[in-house]
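Shared between the two complexes below is chain A, which has chain B as its partner in the first and chain C in the second.
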Partner chain A sequence: MNLTVNGKPATIDRKETLNITALLDELKVAQPEYVTVELNGEILERDNFESTVVRNGDTVEFLYFMGGGN
Partner chain B sequence: MTIKARKLRFDTLLIHGGLEAGPAGATTVPVVQSSSFAHHTAEDLEDIFRGRKVGQVYTRIGNPTTESLEKRLALLEGGIAAIATASGMAAITTAVMTIVRSGDEILASSSLFGGTFSLFRDTLANYGIRAKFVDPTDITAVRNGITEQTRLIFVETIGNPKLDVPDIPAIAAAAQEAGVPLMVDATVTTPYLARGTELGADIVIHSTSKFINGTGSAIGGAIIDMGSFDWGSGKFPHFEPFAKKYRNFAFTARARKLIHKDFGACPAPMNSFLLTEGIETLALRMDRHCENAMQLARFLKGHDKVKWVNYPGLEDSPHHGVAKRLYKGKYSGLLTFGLADKSAAFRFINGVKLAKNLANIGDAKTLVIHPASTICSDFGPEEKALMGVTEELVRVSVGIEDIDDIIDDFAEALDNI
Partner chain C sequence: MFSEEQIERYSRHIMLKEVGGKGQKKLFDGKVMIIGAGGLGSPIALYLAAAGIGTIGIADADCVDLSNLQRQIAHHTKDIGVPKVFSAKEKMTAMNPEVRINTYETWVNADNITDIIKDYDFVIDGTDNFAAKFLINDACVLTGKPYSHGGILQFDGQTITVKPGESACYRCIFPTPPPKDAIPTCSRAGVIGVLPGVIGTIQATEAIKFLLGAGDLLIDRLLTYNALRMKFREVPIRKKPKCPICGDNPTITELKDELEALNVCEIGEAKG
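Let's turn to the complex of A and B:
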């Protein structure tokens, strides 16, 4: 499955579908408890991470509020 | 086996919460005494600044030692995130300025710590922010004090030095009905007596210089976000972009990205280290502070030179019932008592040898002070009355020494008045 993650192409070598929680794990996203996830330009509710599935061609952004500046 | 920090019990979190494995197997948090942090590529630093990647940039904004303390405090309070600051007053200023704007009102306890009272009444008034003070133990007064302009309710778990004990869950219910966040300064009780989640606070404040440090070795403050308040209700338009993007992290995101970053009241990494070390023994120390304060209160109550004793642990205290219900039968380490007059209070303070005469609380050492002539000396009679400060009053922060030595010290000083 080919995704665009934080503006860069990413290939995930898995046949089965992946929800957001599994994607965070697969990509070893740092501090998953604090990350905001944007899927195809829409910010996801944290409660929907389990029920939201990523598909081939999706664009995903991981955003943190603790970083350097604005 | 990986330990999931959130499943650990409170006393274990005090020691292990937020602690990552240190270099070379270090078991204490490393002091990362570096003003800024280098990154391999320009792209890496761009990603951090855009919020796409986690990383440290500059100690004013974040520091690994401080981050460890923040994670521990968030876990202890049951919150979702924490910000450590340079002092308790820095924590209050940062947290309050994150929420209120010119034209807004703060509904605050009339028995606030003097520094907070002065910030609200005088300093913030210069920026168009109005504070209204009410008796926090009168829930009707609290409810009636909320207006269309109220954007924050601010109370202390135990007022310092008045030692009044508001029914915080009842205030939390009133705040929730009004759609206003409740900020609670829990410095005197610490999360050991009650966690923010148990009280219904939306944001918890600490002067970590006090019981959390425990040894009087560092100044610090903390803001802990419970993640419970809905910032996207429309009542806080300046929060809308943060609420949309960061959901229940909106408060911490706005504080970190704007106020904490812009005001710059960050802690020194060495102080974060001292606070992280100090907090490990919080439960043991608080138990001893509470036991010693109760015994000292009883001793003072039976002494013929003492006119009155104010300690929420005493059954005849008007605040005993609420304190017992909210704080698990513990009443912290602060008490006040009255002597004949100011002169007697001074003679007592000059007579103690073990207890230190200084402006702090929550130290392992027993501390005494005459608030009317020191920490509250800038206030007039009306404000002093609101704070419960009278000329004959002595405040004691009861330490964790052997109680018999504390009582001996007090008995000798009282005899020599």
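Let's turn to the complex of A and C:
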């Protein structure tokens, strides 16, 4: 499956569909519990991570907390 | 309306068709509130003073520490131990004595923030913790005050401008703050000293453009920057109908301090 992840092409070596939780795991996203996920321009509710699947051609953005400023 | 000296001082602005004499007058009549006088706050304060923003507020309860000087360019070695707002005001006034600078030697909290920001046209978040970042978002959304969010960590930065009611807010992206200690801070994880210069300068640019009514604000798009890869990216963000504060059925209707997001040592400071 070919995705665009944070602007870069990413190939997931899987035939079956993948939900967001599994995708975070597959891509080894650090601290997945605090990452905001945007799928095709829509920010997902965390409660829907299990029920939302990615498909070939999807665009995914991971948005991270940045709390610094000092 | 401007003296010859002022025309000379702002000549490089005045010759821009997007600014001109009228625009420079708008800047001089403009009021911008900067929350945080540290890494982000330093370049913001200096550039806004240089630009001739007529009234600038700056809030911070911290004093200058030796470890700040690697990046907080409004503060000099002689300022160690001095409240940051006074140190910043001194440099801003030295650069441009025409600018009125209001200092607030306090941490913002749910009780004081509405009062602090109410007389300003635009607010800039230059704080270093999630409790303050969420509080600033909430106060600006609830009072309809446009503001610029900025965040930095290590080699990464992010910024977005929020026009409440019109564009996506910080909680459209991040509905709730992370628990305390979950996300590293600059003081524990480090930050490359030039990073707040890049992000803070973008935030100051947004304030200037807002006052001028020129160009396109950084709304509905999160700008991310990685200094190591030297890459800027723009992530489109839509205003979220389910946003807890600016959505269709908001669950947040009044300000409260996000104490869960504070580190234990910071709770007293935020409440104080």
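One rule holds in what follows: the second predicted complex is superposed on the first by the 66 of 70 C-alpha atoms of A that agree within 3 Å, B and C clash if a C-alpha of one lies under 4 Å from a C-alpha of the other, contacts with A are read in each partner's own complex, and residues count from 1 in each chain.
The criterion applied here is as follows: contacts are C-beta pairs under 8 Å (C-beta built on N, C-alpha and C of every residue); 3 or more make two chains touch, one makes a residue touch a chain.
Note that the structure is predicted; figures quoted are calculated from it, not measured.
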{"item": "Fit-or-clash call for chain B and chain C when the two complexes are aligned on chain A", "value": "clash"}
{"item": "Touched partner set for A:N2, first chain B, second chain C, both or neither", "value": "neither"}
{"item": "First, second, both or neither for A:T17, with chain B first and chain C second", "value": "neither"}
{"item": "Chain B versus chain C as contact partner of A:E42, first or second or both or neither", "value": "second"}
{"item": "First, second, both or neither for A:S51, with chain B first and chain C second", "value": "neither"}
{"item": "Contacts of A:A30 with chain B and chain C, given as first, second, both or neither", "value": "first"}
{"item": "Doubly contacted residues of chain A, that is, touched by chain B and again by chain C", "value": "6-7, 31, 34, 36, 43, 45-46, 61, 63-70"}
{"item": "Chain C to chain A touching residues, read off their complex", "value": "36, 38-41, 62, 68, 72, 125-130, 133, 150-153, 156-158, 172-175, 178, 182-183, 185-187, 191, 196, 222, 233, 235-238, 240, 242"}
{"item": "Footprint of chain C on chain A - complex, ascending", "value": "6-7, 31, 34, 36, 38, 41-43, 45-46, 61, 63-70"}
{"item": "Residues of chain A that touch chain B when the two form their complex", "value": "6-7, 30-31, 33-34, 36, 43, 45-46, 61-70"}
{"item": "Touching residues on chain B, where the partner in the complex is chain A", "value": "45, 47-55, 57-58, 61-62, 80-81, 244-249, 252-253, 256-257, 261"}
